[in-house]
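This report refers to the structure that appears directly beneath it.
Chain naming follows the written order as A, B, C and D, and within any one chain the residues start at number 1.
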Amino acid sequence: MQGERVIIRNGFVYDPINKVNGERMNIYIENGKISEEFKEEGAKVIDATGKVVMPGGVDIHSHIAGKINAARLFRPEDHKGDVVSKTTNTRSGVGYSLPSTFTTGYRYASMGYTTVFEPAVTPLEARHAHEELIDTPIIDSGLMVCLGNNYFTLKYIKEGEVEKLKGFISWLMKAVKGFSVKIVNPGGQETWKWGKNVTSLDDKVIGFDVTPKEIVTNLARVNEELGMPHTIHIHCNNLGSPGNYEITIETMDALRNIKPVKGRKNVVHIAHSQFNSYGGKTWRDFSSGAGEVADYINKHSHVTTCIGQVIFTNTTTITSDGPWQYRLWLLTGNKWTGADVELETSGGIVPYVFRKRNPVNAIQWAVGLELLLLIRDPWRVYLTTDHPNGGPFTLYPQVIGWLMSRKSREELLKKIHKAASTRTQLPGIRREYNLEEIAIITRAGTAKSLGLKSKGHLGVGADADVAIYSFNPEKDSTSDYEKIVSSFSKAAYTLKNGEIVVKDGEIIGSPMGKTFWVECKAPQEQEIMDDLEKTFYNYYTVTLTNFPVQFDYLPLHEPLKTMV
Amino acid sequence: METLDVVLITGRTDKQGVTLEIGKTSMDYYESVAVVELNEEDAEKLGLNENQPVKVETENGAVIVRCKYSKSVKPGLAFMPYGPWTSLLMTHNTEGISMPSYKGVKAKITPQEEKMKVLTIEEILDQFIRG
Amino acid sequence: MGKVLKDVVCSFCGCLCDNLEIAVENGKINPVSRACKVSISRFVNYNKDRVPYPMIREKGGLVKTSLDEAINKAAEILSRANWPLIYGLSSSVCEAHRKCVELAELVGGVIDQTATVCHAPTILAFQEIGEIHATLGEIKNRSDLVIFWGCNPLDAHLNHFVRYSVTPKGLYISKGRKDRTVVAVDVRETRTTRVADIFLRIEPGKDYELLSVLRALINGKEIDLDKVAGVSMEEIRELAEKMVNCRYGVIFFGLGLTMSRGKHYNVMAALSLVRDLNKKTRFVIIPMRGHYNVKGAGVVLGWQTGYPFAVDFSRGYPRYGPGEFSAVNLLANGEVDAALILAADPAANFPVSASKHLARIPTVVIDPKISMTSLIADVVIPSAVSGIEAEGTAYRMDGVPIRLRKIIDPEPGVLADSEVLQLIIDRVKGVR
Amino acid sequence: MKQIVLVPRKLPSIPIEAEVISPEIFSGKNIEEIKELQVWNGNCKRKLGDFFSVKGVKSEDPNETHIVIQGDVSRVKYIGKEMRSGKITINGNAGMHLADEMKGGEIIVNGDAADWVATEMRGGTLKIKGNAGNMLASAHPGSERGMKEGIIIVEGNAASSLARKMRRGTIIIYGDIGDHAGSQMIAGTIICLGNIGRRPGALMKRGTIIVYGKAESILPTFIYDATYQPTFIRFYLKNLKEKLNVKLPAEMFNGDYERFHGDIAEDGKGEILLFKRKP
């Protein structure tokens, strides 16, 4: 809070960006930022003795605004058993796999998370996502904008007009107050509008004569040339299907020679790679392809990935991948909602239960952990459940537990379908994460991948977003799964911009979060204005005037500059 | 007096939309909404003139509105614009889901003498809703 | 002529046309082009039949009072109630919806919105089956088979045909109307059925049967009957063929399905049919939402509470109760003890048994215009007309969010709905 | 069994939510403690004793607890919610959400029951002497989990949407049933001794609906198979008569039934058996 000074005293600090690894030290906060050391007098002191201190968690991929709302409305049965009462300083809501907006903010904060990115916003409905962010307290956010099937993307690639594509993205980010370029099933959504899908990188998108490979390579190139803070963020083709690890590797490899913007090495983020690392050819011989994917990532520095870990629970799948959601309906017979958005995307929702005794689900669970454990560089692999697709974000602490405690993995392996033991490498993996590595995959690495300079660390000048967990690395065993889960589920304290928002897992303050967006300034924007006007007039059903998102929808925001 | 059994459908009309924007208490709204459309054949059967008052009666109540000839409803059907006059005819049974039945309700149509008055909104309020 | 504003959004129906040209001069508004006749009436008459000033009921009559006093009285009514109802919403903006939810939570009441008496069956069916949906631009760009089932856009959504569904040319519909087959299914002849290429006139209350038989046919089952719902099997088979063989079909449906016997089951049959058609081709279904922001009311309730309508906060957290926490049920059963009505007119549209209770209990009305409900209310607070005198967000029938603009200032002292509600919230917090 | 008798005082028009009226909660408590149990009236927390006089004998075992309500509780919701054992008798009309997700024990209503009763029932027995409202024994909105186990007997009529998404169990209605009985049914049996409304079994996958009276309409997606005397009916009805003391017309046991299978818009493995009256 403005003017207030806070000292977090004597905690075990894990701040990997600043190479602090569990040292006992004080953290100083002034005016909502981490500051140089100052005198204790007049400052609020938080005693963190015997506790872990980390930067506030940064989630790189979690569906919290926009499309998820259709799922909330679709599944009253999901909310009934998980209700959240109003208190004197918090609003009521519902939880489980589709928490209402207020509950989303509170539950992230109570786990020590302070920044969460919504990874799939369609431009025409961006205003809606921003509206929900206004009602999502505490956490800062940003919107990734679906562009892999956008009319302009496909058209400019078809016409070989990469500069115009650059102009379009530059204009669009400002228009919708977007943060980064998202690609979902490149080419597949547009093809789904004719009832079909693309299944190889060289398939043609109906009506445009371009291929998924051309889509990802062109968007990656434009992304880097624009100097976007985050790389392109891809949900690969064939998601969820047996044998899809191959197309995942092909996609990464197609981007190997893209020149990254100065200041980073990566050019692509593979989202929820767990859902895209499967071997076998059918559901019968379904197996893990995690070894191959991890191996590729270990050998190539241009890739980062988040996992989309599966958790055994009743959850909801929501993606912009229209044809995949259709297939999931055919596979499960569960209720199915689909949505096509003019010139932009498609998508769908299907409820799903991941079951321990189901061989495919058991393998999926193992695949996520294999990737997390086999990819050696924690700076390039991040913890997510692709909330709510693999399970609600509230269960992250379970994943942390499995990563830190080999014993807990082995115990669960015994209880689930044996396919997880026989068709994956998981049983043989000995690696256990330490707290520093946990800090990297949940905040430092994600902040870096997103290009957020003020997040994910506790260096002077960083936003004073801090999580304090009741876990004593000197006393508590890192193989004590229960202790890990309970510590990371309810933070002892969470501070947001220096304000204590959580104490002992309970919300005590509920400030509004801000929204990051990227202010591109590409000169190519001018070239496309005629084209925009014509296309809006002919093919959109809203006018170009009414399309951009006004600042009324971003009461607190921070425009980021591009890196060029 | 002769009566006719019909199935009553309620719905929107463009006139209703236009006059609603002028105002609920306006004459325009009254004239375009306090009506029932009957097939000409049915109207003739009852000896009804256009604009003649008729009583529409259902299990739940009765209301007097003016008759309009219509080609769009088949004999045996009647159409009324949705509004204060139809609300007097509808049940509040929502079958457990919140929605009363506003369409496909059994009704009786009885011609009325010219002097029978079609109630205004104020009169509906006074006679049926207030006190 | 004064200033001409371009690309103005019309806040009448769920079409939310956003390309109107409106002239504003000396406090008068004149649509110049692209407005339909209802829209013209809305703009031209926006200042007629207004609630002239805040009023409270004294000795049986409504008398003029100050805004402050009206807010006090409203706050008092809601704070004292043991189970108040907040109802309406669909003709106001999302900024006001948010405040309504906050207020309902604060006073431990029920919030319900007008969908409860129009597309509640659609919502319930959606929650059972799912809905294969598209934005209206997909219809404009792709749809070669357009079916209007139990709806009559030429009377209720006047620009729907020209902007979205029938005549516009689109990306893959180069010839507009000529590239489309238009089918209408209705129990009576309407303007819409008259311009359709195919009109199936069905017996009232038999929509379910027809939808169900179509579904069996497209799934390859045999039906050995001559007629269903008054339509010959030959015609039904022909329609099924057309559905399977189109490129991108759409069913627009309205209250003809939701209000007739079968209600949500009718919609379940329609949703299931469209879902199954996606095994053969692409097909989508879009409910025709009436009020300009009835969709938005469900959207806001969704993100704040998880549920679209009929939400109770009496226990401090949201609970969903179609048929239980629904306005008609609560009023007709005499269960709630106070009400706040925002931008809706239940006394004009609800079954009279429900309106009677509304007249009995203390009721607060916030509305720009005089409604039947305002005439039985105990507190009436005038507000600015959203989309004319106040800005804010509305969701089109297909879920596309659009910002309404303010094109003229309201009378001094007349506040937007959300501002009035905020004052009530602040006062309630002060009272408690 | 030991009886606890509740007599409602003049109840307010705002409904009372009293899931505490359940043998598991009453057992082990004395009368004073029972009076102190919390109920909701609108947004107010109140005590059970504010609305009911409570008398009777304390029981330690829920199986031995019999709650008797003497009077109309049509505005009291959630009686017997999730109850597992014991017995509740209501000598009057019962309100919404009676027997919500009931798991065991017995509830008898000597009067009518409101809408949304025995939703997602899991076991036990519910007998209603009067009429039942809409949504009896259905699933909650959006839920896949319809009635799973248990027995429901209604001596009067049942309104619409009976047993939506039923999975198992038996429902017997002596009177008439409204529209859309057994929609989306997955398994289980519904017996209607009166007439049944429109579209029984709409969207049903499996399960059996037996109708002794007339059906207002059978969907065109139900296919007539044959008129026959199903052997299983004889055994099934005999069992019901002996074990549950259900009063069944003698001619039902050996009568002819018209069999329809459907809903062929879905899997089509459900059946409707219409009793064929001798001319």
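Rule of thumb we're sticking to: contacts are C-beta pairs under 8 Å (C-beta built on N, C-alpha and C of every residue); 3 or more make two chains touch, one makes a residue touch a chain.
Computed from a predicted model, the values in this text were never measured in an experiment.
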Chain whose Cα centroid lies nearest the overall Cα centroid | C
Pair joined by the larger number of C-beta contacts - C-D, B-D = C-D
Chain A and chain B: spacing of chain centres that average the CA atoms, whole Å = 56
Provide the C-alpha centroid distance between chain C and chain D, rounded to the nearest whole angstrom.
-> 35
For chain B paired with chain D, centre-to-centre distance based on mean C-alpha positions, whole Å | 39
CA centroids of chain B and chain C: separation to the nearest Å works out as 22
For chain B, residue numbers touching 2 or more other chains are 95-97
Please set out, as single numbers or ranges, the residues of chain D touching at least two other chains.
-> 115-116, 134-135, 141-142, 179
Where chain A touches two or more other chains simultaneously, the residues are 74-76, 78, 80
State the interface residues of chain D toward chain A in the complex, per the touch definition above.
-> 140-145
Residues of chain D defined as touching chain C within the complex | 13-15, 17, 40-44, 75, 96, 115-116, 134-135, 141-142, 179-180, 183-184, 198-199, 202-203, 217, 219-221, 223, 263-265, 268
Which residues, counting only chain B, touch chain D once they are in their complex?
-> 95-97
What does chain C use to touch chain D in their complex?
-> 81-83, 107-109, 124, 127-128, 208-209, 212-213, 215-216, 219, 221, 223-225, 228, 261-262, 265, 268-269, 272, 313-315, 320, 322-324, 333-337
In their shared complex, at which residues does chain D touch chain B?
-> 115-116, 133-135, 159-161, 178-179
